[in-house]
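Written out below as C-alpha cells is the structure these notes cover.
As written, the chain order gives the labels A, B, C, D and E, with residue 1 at the start of each chain.
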Amino acid sequence: MEGVIVDCALYRSGKRVEETRNLVKIAAAARHDEDSFVWMGLFEPTETDLEGVARLFGLHPLAVQDAIGAHQRPKIDVYDDSLFVVLRTLTYLDKTSDVETGEIAMFIGRDMAITVRHGEGSELASVRRRMEEQPEVLMHGPAAVLYAVSDAVVDTYTEVAKELQTDVGELERSVFSPGRTDDFERVYKLKRELQEFRTAVVPLVEPLTSLAEQEVVAVAVAARPFFRDVLDHLLRVQEQVESLDVLLSGILQAHVAQVGLRQNEDMRKISAWVAILAVPTMIAGIYGMNFQHMPELHWQYGYPMALGLMAVICGALYRAFKRSGWL
Amino acid sequence: MEGVIVDCALYRSGKRVEETRNLVKIAAAARHDEDSFVWMGLFEPTETDLEGVARLFGLHPLAVQDAIGAHQRPKIDVYDDSLFVVLRTLTYLDKTSDVETGEIAMFIGRDMAITVRHGEGSELASVRRRMEEQPEVLMHGPAAVLYAVSDAVVDTYTEVAKELQTDVGELERSVFSPGRTDDFERVYKLKRELQEFRTAVVPLVEPLTSLAEQEVVAVAVAARPFFRDVLDHLLRVQEQVESLDVLLSGILQAHVAQVGLRQNEDMRKISAWVAILAVPTMIAGIYGMNFQHMPELHWQYGYPMALGLMAVICGALYRAFKRSGWL
Amino acid sequence: MEGVIVDCALYRSGKRVEETRNLVKIAAAARHDEDSFVWMGLFEPTETDLEGVARLFGLHPLAVQDAIGAHQRPKIDVYDDSLFVVLRTLTYLDKTSDVETGEIAMFIGRDMAITVRHGEGSELASVRRRMEEQPEVLMHGPAAVLYAVSDAVVDTYTEVAKELQTDVGELERSVFSPGRTDDFERVYKLKRELQEFRTAVVPLVEPLTSLAEQEVVAVAVAARPFFRDVLDHLLRVQEQVESLDVLLSGILQAHVAQVGLRQNEDMRKISAWVAILAVPTMIAGIYGMNFQHMPELHWQYGYPMALGLMAVICGALYRAFKRSGWL
Amino acid sequence: MEGVIVDCALYRSGKRVEETRNLVKIAAAARHDEDSFVWMGLFEPTETDLEGVARLFGLHPLAVQDAIGAHQRPKIDVYDDSLFVVLRTLTYLDKTSDVETGEIAMFIGRDMAITVRHGEGSELASVRRRMEEQPEVLMHGPAAVLYAVSDAVVDTYTEVAKELQTDVGELERSVFSPGRTDDFERVYKLKRELQEFRTAVVPLVEPLTSLAEQEVVAVAVAARPFFRDVLDHLLRVQEQVESLDVLLSGILQAHVAQVGLRQNEDMRKISAWVAILAVPTMIAGIYGMNFQHMPELHWQYGYPMALGLMAVICGALYRAFKRSGWL
Amino acid sequence: MEGVIVDCALYRSGKRVEETRNLVKIAAAARHDEDSFVWMGLFEPTETDLEGVARLFGLHPLAVQDAIGAHQRPKIDVYDDSLFVVLRTLTYLDKTSDVETGEIAMFIGRDMAITVRHGEGSELASVRRRMEEQPEVLMHGPAAVLYAVSDAVVDTYTEVAKELQTDVGELERSVFSPGRTDDFERVYKLKRELQEFRTAVVPLVEPLTSLAEQEVVAVAVAARPFFRDVLDHLLRVQEQVESLDVLLSGILQAHVAQVGLRQNEDMRKISAWVAILAVPTMIAGIYGMNFQHMPELHWQYGYPMALGLMAVICGALYRAFKRSGWL
C-alpha cells in the first residue's frame, strides 16, 4: 500500500496541516472538521489497496471498480453527495509525433479528494504544489482539487492540440510544395490522433457544462466560474480539433488531386515525347524500304533532306505540344 | 413446453429457494410474497408456449408477439408496472471474421423476470450462476436480473468491438505496407459489420439512459448506478465503433490514393522505358535508310559511333528520368 | 358519388351493424350513439364528392383540400377533437425493381373513420376484414381503424425494405465478383429509391411518437401501446433504410476503386507487353543499319545470335515484370 | 411617394370599403375601428417614403431599416403586438434555368398589413384580388394577409422546385445515356441553385412553426391551421430540395465514375491496337536485318510466310484481347 | 498605463460629460450616479494595467485573465450583474486574399463599459464617435456600447464574407473556364479561411440568442430588439459562410472531375496519334525486309503505291478516331 500512495495530507482552511500515512486517523480528522479535507494521490493501486481506502471513505463499489481498471470512458458521475470523475490525459511524443494516453480517476466528497493515476505522463505533484501556494483557492475544499486537476489536464490538451496544429501546418506545406511527396500515411496518422483526441475531449463537455451551470451538491455556486473556465478551454480545444479535422480532409482532397494531376502531367509529357520520336522513325522506315524505284534515294542531297524533314516535323510538333501545354 | 424452459426457479431475498416446472404454483408463490420472484429462462418458445406463460404472469399481448418473432429492434418498452426489453447479442466468429447476431427478450415485473432467447451464442446460464453467487445484488429483485443480463450482453459487445479493432489494425498495416494489396472488399466487409454493430447498440442508448436517470417503476433508485454503469460501457462501445468507422473511412481514402499512386508510378516507369528505347530505334532506322549518299555508312568506325551515340543518348535520358523521379 | 365509396358501414361496440349508402342516416346514427362510429372508405373522390362528406361530418376545409389533391407530405395533424392523417403507400414492382407510391388520407373523429385512397397498390379491404374479425380491438373505435391502417401500411414498408435489401445484396455480390461489371447506374437507382422511401417514412416518425407517448384527444391511453408498436416497426424500417444507404455508399466507393484498379492493371499489362516488344524491334533496327563495317553481319552465326539475344532479353524482361506484378 | 404605393385600401369585416392615397385619414380610420385594417402595398420605397409610413403606424425603426435595404435573411420577428416578416421570392427563368430572387417585407399589426416588395417577380396584386373574393378569410384581419402572401410565396417555391426536379431528371437521363457528355458544370449549377433555394426556405421553418403552434399575439388561434398548412407546404418543398441534393450528389458520383470508366476503356482500346501493331513491326524489323547468313531470306516463299506469320500473330492477339474485353 | 488607454470618458444620459485619465475619480462618479457610466477603451494592456482597472471596477479575476491573453474563444459570460464578452475581429487583406484576426474583450456592468483590444484591424474610435452622435441610443447605458461594438464587429464579418464570396465567384469562373488551371491550392486556402471564419462566428450564436431572447440582468428588455438585429446579421453571415463552403466543395468536385477529364482527353489524343503513326511504320518495315523474292519491290510504281497505302490507312484511321471522339 505504501508504494501506491504518492502523497497524502490533511488540509484545513486551504492550508496543508498534516501529512501522514495513517489513513484511519487522517480520515477521521477530516470527517469531524467541516473545514478540513484529505487530499490523497494514488498511483496504479491494486484492487486491495483501493478497497481499503473505499471502506474508510465510503466510496461506491462501482466507482472503485472503474478506478482500478484503466481504459474507462472520460466521465463525471454524480453520486448522492460525491463525484466520481475519470479524465484521460494526453502526452505528445516529439520523436514519433504520437499521442500517448493515460488516465486519472478522482473521488470528490465533502471531506476528501482522492486521485488515482494510471500510466505515465500525468503527474500531479506540480498541481498540488501550485494549489498549496494558493490557499485562497484551496479553501474551497475538494472542489478546488477537482478544478485544479481538470484545469491541468485540459491545459495539456491545449498543448497537444498546438503540436498537432504544427503537424498539420507542416503537412500543408509539404503537400503544396512543388516537390512530389506521398503524404497519405501521414494524413491518416494525424486523422487517427485527432480521433483519439476526440474520445478524450468530447465525453467531458456535457458533464463539465453541468458542473459549470447546474446545481451539483459537491460544487459550491462560487466555484462555478472556475469550472466554466475549464469548460471554455475544453470547448476551445474541441473546436480546434474539429477545425484541424476539416483542414486535414481538405489537405487530403487537394493532395489526391494534385498527385493525380502531376502524375498525369508526367505521363502526358512522356507520351508526347514518344509521339515526337515516332515521326522520324516512320520517315526513316520509309526510306529504309527496298523498292527498286525510289527516286529520292539517288538524289545527291537525299540524305540531308530526309534528316532535315525529320528535324522540321519534330520541331513543329514540339512547338505545337508546348503551346497546348503538353510539354 | 418442457424443452423450451431452460431453467426456472423462485428466488426469495436473493436466494434460490425452489426449482420447479410447475409454473402455476411458482407464479402464485411469487405473487403473494413481496420478497420473492420467479426467474424463468426460455429458449425459442412457440407461440403457444409463450401464451401460457403470458396468461400466468399477465404479459401484454404486443410484447408477447415481439418476444416470439425474432428480428425485433432493440428496445426497452415501459408498461404500467413492468418492462419489456429486447437486446441483440453479438458473437464474433474467428474463422470468417464475421459477426453473428442473436436476440434476448425480457419481461421484467414486480414478481418475475422472464428471458426469451433466440439464436445461438447468447447463453445465460453463466449469468444466472454469477448472480446466484451474489445474493446481495439479486436481492434487488427482477431489476437485478435485467442488470445482470444487459451487463453480460454489453460485455460481449466490448469483446466484439475489441476483435473488430484488431481487424482494423491489421487492415491498417496491410494498406500501409509497401506491398501491393487489394483490400477494398475487406474494408467494405468491416464497414458492414460496424453497421450491424450499430443497429444493436444505438437504439439501446436512449432507453438505458432513462433507466439510469429517470423514475421508472420497475427500477429502484438504489439500482440506478448499476444501469448507469451498463450505459457507460454501452457508450464506450458506441464511441469505439464510431471511431473505427472514422478510421475505416480514412484507411479507404488512403488506400484508394496509394493504390492509384503506385499504379501510376508503374505506368510512368514503363512508359519512360519505352521512351528510352524509342531513341536507339529511331537512330537505327536512320542508318537503315537506303540513300546512296550517306557518308557515315562508309566510315571505318561508323558502326561503333552509331552504337556509342545510342548509348550516350539512352544514358542521358536515363539520368534525366531518374532525376525527375520518373524511374 | 356511388363509385368512389368502396365500403361504408356503421360499427357498434366493434361489430359491423349496418351497411348503407345513405350517408345522412348513418352519420346521424353514429353521432347520437357514443359507442358507434362510421367507417367509410373512399377511392379517389372528386372535390364535390368529398365536400358533401365534409359537411356531414364537419371536416376542416384545409384537411379536405389536402385529401383531394394527392402528393401531400405524410403527416398527422391534430384538429380540436379529430386527427387528419396522410400516409404514403409503397409497392415494390418486381419486374423493374422500382418502388411505386400511393397515398392514403384519413379523417379520424369521435364518430367516424374516413379513409381516402389515391393510386393503386394500397387496398384496404383486407385491413377492414381483419379488423372485423377482431371486435375486441375494433371496440376502441376510430383509433383502432387508424392503428389498423397505419400498421398495414408500415407492414408494406417492411416488405419493400426487404426487397431493397435483397437488391443491395445482389449488387454487393456483383460488385465483388471477379467479373468486370458497370453497376454505377444500378447503385444510383437504388439510392434514388431509398430516398423515395425516406420521404415516406421520416415525416411520420415524430407525429407517431406523439400519438404513442403524449396526450392526444382522439387516442385513448389504452391504445397507445398499439401505436408504439407501429412506431417501433417504422423505426426499424427507417434504421434498415439508413443502413442500406450506408452500405450502398460503401459499395459505390469499393466499386469505383476496384473498377479503376482493374482498368489500370489492364493498361499496365498492355504497356508492359509493348515495352517488351520494343526491345527486339530496337535490336533488329540496329542490325538493319547499312554501315559497311559491321563485323557481326558477316559472322556465320550472326543471325541466330541476334535472335538469341532478343529472346534472352525479352525473357529476362518478362520474368522481371512478372516479379514486380506488372504482368 | 405616390409611385411606390401600388395599392392601399381600408378593409372592414373583410370587405374593401375605401381606397385612398390619404394615408393619415385611412390610418386613423383603421385605428379607431376594431374591425378595420389598412392593407398597403409598397414597391421599393426610399428611406423617406417608409419613414413617413413608419411614423403613422408606429413601426419599429430596426424593422423599417430592414425593410428598406434588400438582401435580408428570411425571418419572422415578433414585436410587442406586431410582426415583421421578411420572405424571399423565387422565380425560375426558363431560358437560363436560373433561379432569380426577390424580397417581400411585411409589417403585420392589429390595424395594418404593409407589404414592401423588392425586385421583380413577386407581384402581389393577384394575391389581393384572390383575398378580396374571400371576405370570410380576409375577415380575420391582417393575419389573413400574412397567410395569403406567405401561401402565395411558398406556392412559387413549389413551382420552382418542380422545375428543378425536371432539370435533375434531364441531367439523370443525360448522364446515364450511352453518349459521352461533360455535365459537371450543369451539376454544379444545379447544386448552387438548390443552395440558393435553401437559404430562402430553411430560415422560415422555425418561425412558421411557432406561428402555427404557439401563442403569438398577432395570430388568432383559429388562424393557426392556415399557417400549419403553409408550413406543411414549406416542409414539403424543403424535403424535395434535400432529396434533389442527395440525388444530385449521386448523379455526380456516378457521372465521375462513368466518365472515368469510358475514358479508360478508350485508352485501353488504343493501347491494345498499338500493341498489336508492334508485333508485325518487330517481325519486319527482324527480316530487315542485314546478316549475310539468313536462310529465310532466300526461300522462295519467305516473304508470304513472313506476312502470314504477322497476320496469324495479329489475329491471335486480336482474339485474345477481345476475349479479355480489352477491345 | 497612459499608453494603453485609448479613450476614457464619463457619459450621463447618453452624453459625454467628462474626459479624464483620473480613473479613481471617474469610477466613483459613475458608481454614485444611476444615470452615468464610464466607457474606457484599452489597447493591449499588460497584466498590471488591467489589474488596476479590475480592482477599481470589481472585475472577476478569471475574466481579467481572459482579457489579457489573446486567442480566447468568442463568448459571452454572464457574471452576477455584469457580462464578459470576447469577440474575434476579422479583416480581409486584399493583397494576399488572407483573413487576419484580432480580438476585442468587453466588460459590461451597470456603471462601466470597458473594451480591451488586441491586434490591428479592429479600431473602435469610429464606433464611439457614431454612438456619441446618437445619445438616444447611448442613453441605454453600457448595453448600448455592447450593442454598438458587436454590431460593428458583425458588420466587418459581413464585409469579409462579401470578399470571400467574390473569391469563390472568381474561382468558379476560373474552374469552368476552358483554360487548364490548377486551382486546388486556392480551393484549400479558401476552405481554411471559411473555417477560421466559422470559429469566430459559430460560438457567438448561442449567447447572442440568449441576449436577444432571455432575461439577462445587464440588458434591458427594450434593448433586446437591437441584439436580435445583431444576431440576425450574424446568422445571415453564418448561412452565407455555410453556403460558400457547400459551393466550394462543389467547385472542388467539379474541378477534380474536369481536370481528370481534360488530362485523359490529352492522353487519348496523343495515344491515338501514336497509333496512327504506328501503321506506316509497320508498312515501311515490311517493305524494308530483305527477302529475295518480294515482287512489289520490283514494280515500277511500288514505292508510290506503298506511300499511297500508308496515306489511305492513316486517313481512314484519322476519320474513324474523329468520329468516335478520340481526336
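The rule is short, and it goes like this: contacts are C-beta pairs under 8 Å (C-beta built on N, C-alpha and C of every residue); 3 or more make two chains touch, one makes a residue touch a chain.
Because the structure is predicted, anything quoted here is derived from the model rather than measured.
Touching subunit B and subunit C at once is no chain at all. Each step here moves to a touching chain, and the least such steps from subunit A to subunit E number 1.
For the pair subunit C and subunit E, the CA-based superposition corresponds to a rotation of 145 degrees in steps of 5.
Residue numbering shows that subunit C and subunit D use the same positions for less than half of their mutual interface.
Annotation: 25 Å between the Cα-based centres of subunit A and subunit B. The geometric centre of subunit A is 41 Å away from that of subunit D, both derived from CA atoms. In subunit B, the residues that touch at least two other chains are 260, 264, 267, 271, 274, 278, 281, 285, 288-290, 294.
Viewed as a network of touching protein chains, the structure reduces to one closed ring of chains, two contacts apiece. Ring order of the chains (start subunit A, then subunit B) is A, B, C, D, E.
Subunit C meets subunit B in the complex at residues 176, 225-226, 228-229, 232, 235-236, 239, 243, 246-247, 250-251, 253-254, 256-258, 260-261, 264-265, 267-268, 271-272, 274-275, 278-279, 281-282, 285-286, 288-294, 324-326. Per the touch definition, subunit A reaches subunit B in the complex via residues 60, 62, 66, 72-73, 75, 77, 79, 180, 182, 184-185, 187-188, 191-192, 195, 198-199, 202-203, 252, 255-256, 259-260, 263-264, 266-267, 270-271, 273-274, 277-278, 280-281, 284-285, 287-290, 294, 296-303, 306-307, 310.
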